[in-house]
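Dropping the structures in below, format is structure tokens.
Shared chain: subunit A. Partners: subunit B in the first complex, subunit C in the second.
Moving on, here comes the complex of A and B:
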């Protein structure tokens, strides 16, 4: 029972962390290695707004998310647009950016146990005989809301549909009047906001630490690779697979193998099925 | 409506378009006929601007050098260096060779994505129109693009391009790989689209036979150069054209 409940919670956490990364990769083929840094920045941003500017928690969250959207758009507009299409340069640029931000925060003294965000609602409920913090229930709720929203957005909204067109065939989308740079800016802005939403939901469960940036990046990459690069359905399935594997490992083996699972899964996928669980775009192309 | 002057396109040092001059009239169907690798697709990608994006990406990667010379005007405006998405906004919409359907989206979603530039009202009206010229698509709405047959994909690709509200529709080898029955059906549909909507059409084909009767004016392309031009009758009666493009 614990495994089921904590597995679900962990899976939704992973899905939340990875969805922004997958979105950006799926649409603009940019592996955003600054994703983890964006996650951590949001944490510190909200903390600063609450503690330094003494703003209300909800206002701080909304403000932080808006700022993250702008930051994401700016990263594309001023940095990525120049290296677009050169995968290695994209990785170096985003990774360097992420490293710089994280290490700057560390140098600036944001470390240790002092920085925390309050949970949304105090307390816990008992599910099937196991007490679960309300914040963890909220993780599931927000996970469901975000996934549902993204599904509706990409299936019924004009911009969302255009993003999917761009993800499948960039040139075919351009012929229909969809602008590649505009879509990439939107994808980066949304990806950053999604990193922010993950941070705001998950950080109250622990401390805001720089290391979280690296972990979130590794987990996002794991989910994205296992799911089949850029496949959104695949990413969600992968989040569940890795989520449960992690919890099972923690329960039956050792808790500090938590991250090792993610790394092993990346390696196993790359060896056994490099296209991932849902890497079927290729197969389809060959069929036609 | 569209005017091409001294257009040259090179891939590295190989010439793909050799000093082409041509005109497409508003509301008319213009044909381009040429054998495999005559330069039809390159011309289509150059008119729609996709070649500029390919060129940019190749430059980024340090790949092959693509050179475009000459100029293209559309409704009196020089569009030679305009982005493809801007050209689509001005009304030049390409329905590319091999269709390039969004394979993982349903047929209906393909059409909706095509309607990116359309207003809600336009999208609704055009969607109805597409289903009226291609009734076969109605049943296939929910099917993924990748699972449609070649003919179904071609109807969908033309429908998707129409959704973008073109003033000038570019069709690159729309009959490629289709059965004679499907060829005849599509040729009729293309003529109907032109007659009913007054959208100008530029159509390229390797085999002229099914298309020649529906064009108003046509060009014969050889090794990247336009070697002959004329209206439908003139081209049909030209002995060289007969042997080369009719297989008579």
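Moving on, here comes the complex of A and C:
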């Protein structure tokens, strides 16, 4: 029973982390290695708004999300647009950006136990005989809301449909009058906001630490590869698979192997079915 | 451009110098001028490298030269892999870590001297790295970058969590080199060999196949060659260079710890390659000789150094992605003039 409940919670947290990465990759084919950095920045942003500017918690969350959206758009508009299409440069640019941010925060002294965000609602409820604190229930709720919203957005909204068009065939989309760069800016802004939402939902469960940036990056990459890079349905299913595998490993083997699971799952996927569970990538394109 | 009035009717034309064309064939030996045009840049590099230990005799700078050498090996490997085979490796520290730990274990547990541990660590480390990276090789795209990014981060955590291989303290008391002269000339001669060896390699038939893998893998496949095999050979070469650097590092610092998986080893080679000029193989070397001494001077700033590199790297890749060496080679081989359109 614990495995079921904590597995579901863990799966939703993974889905939240990964959805932003997979959105950006699916649409602009840019592997955003700065995803983890965006996640951590949001945490520090909310923390500083609450503690330094003494703003209301809700107000600062909304403000932080808006800022993250702008940051994401700015990253695409000023950095990535210049290296678009050059695969090597794209990888190096986002990697350098992510490292610069994370190591700057580390240097700035953001480490240790002092930086925490308050939980949304205190208290816990008992599900099937196991006490679960409310923040973890909220993780599930927000996970469901975000996933449903993304589904609705990409199926019933003009911008969402344009994004999906871009993801399927960029040239055809451009012929139909969809501005490729504008869509990529929107995708990057939404990707950063999704990283921000994940951060705001998950960080109250622990401390804000710089290492989280690397962990989140690894986990979201693992989820995306297992689900098939760029496939949203696959990413969510993969989140469940990895989420339960992790919880089972922690319960029956050892909690240290938590991260190793992610690596092993990636390697296994690459060997067995490189396009992932729901590879929209078309196997022919990826496998040489 | 704005300083030249009427740029609309004029454009810059670039032409190869006559001497460059003359030195391409057998006529290179027709006069001393042509011979020196070819030999001089190479001679300056080799003699410069070999004189370095004399020019910088203090113990501190000797150590810096050795460190530059390790980074230069990684950067050479990165440049070779990224610009000749099309695989972007974000995990230089993975190679350093594997090579370093193997050398340390061989030295401490089996009592082998550096004379044996370094070659064994290089070869076995390269085999291990190639095998571990093998799953990502049959695939195109970002998979190789992702997998190389993950290995050092995960290995770091495994060693830390399981407390194996000396845990966070590392393996202490590894044997050192007899003296600093051996230490420095070893790495300098290895760099020179690696540089000229790789340059020869990429101009051989196999180099053509490597570039084929990068630019048009289907053509390579249509010629009946296995892409995975050639990628594996390239990864083997790169990881051998990295593992050699790692083994050497362990012997000069006499310790192998989880700091072998530090991010510096992944970022600096990339930054050095981008600054020095990707695809030239000499460029990364130059980049290391610029960046690493600066890094030593900035040691007091801790992780801010990584920020510094990342920002330089970002700036170069956005605005000056050709790098120093490509620019210098262009100036050396070509002249420019304005022509009317």
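Rule of thumb we're sticking to: the second predicted complex is superposed on the first by the 280 of 288 C-alpha atoms of A that agree within 3 Å, B and C clash if a C-alpha of one lies under 4 Å from a C-alpha of the other, contacts with A are read in each partner's own complex, and residues count from 1 in each chain.
Just so it is clear, a residue touches a chain if its C-beta (ideal position, glycine included) is under 8 Å from a C-beta of that chain, and two chains touch if they have at least 3 such contacts.
Just so you know, these numbers come straight off a predicted model, no measurement behind them.
Once chain A of one complex is fitted onto chain A of the other, the partner contacts of A:256 are limited to subunit C, with no touch recorded for subunit B.
In the superposition on chain A, contact of A:134 is made with neither subunit B nor subunit C.
Within the superposed three-chain model, A:205 lies out of touch with both subunit B and subunit C [touch as defined at top]. More residues of subunit A are in touch with C than with the other of subunit B and subunit C.
By the document's definition of touching, of the two partners only subunit B reaches A:178; subunit C does not.
Shared-chain residue A:74: touches no atom of subunit B or subunit C.
Once the two complexes are laid over each other on the shared chain, residue contacts for A:266 go to subunit C alone; subunit B is not touched. Counting contacts by the rule stated earlier, residues 83, 285, 287-288 of subunit A appear in both its interface with subunit B and its interface with subunit C. Looking at the complex, you find that subunit C touches subunit A at residues 82-83, 86, 88, 90, 135-136, 138-143, 145-147, 149-151, 153-154, 157-158, 161-162, 217-218, 221, 227, 263, 267, 270-271, 274, 278, 301-304, 306-307, 309-311, 313-314, 317-319, 321.
Against subunit A, in their complex, subunit B makes its touches with residues 48-50, 53-54, 56-57, 60-61, 83-85, 88-89, 93-96, 100-105, 109, 112-117, 146, 153, 160-161, 163-164.
By the touch rule above, subunit A contacts subunit C in their complex via residues 31, 33, 79, 82-83, 87-89, 91-93, 95-97, 99-100, 103-104, 106-107, 214, 218, 221, 225, 229, 256, 259-260, 262-263, 266-267, 270-271, 274, 285-288.
Only residues 83-86, 155, 158, 161-162, 164-165, 168-180, 182, 280-281, 284-285, 287-288 of subunit A touch subunit B when the two sit together in their complex.
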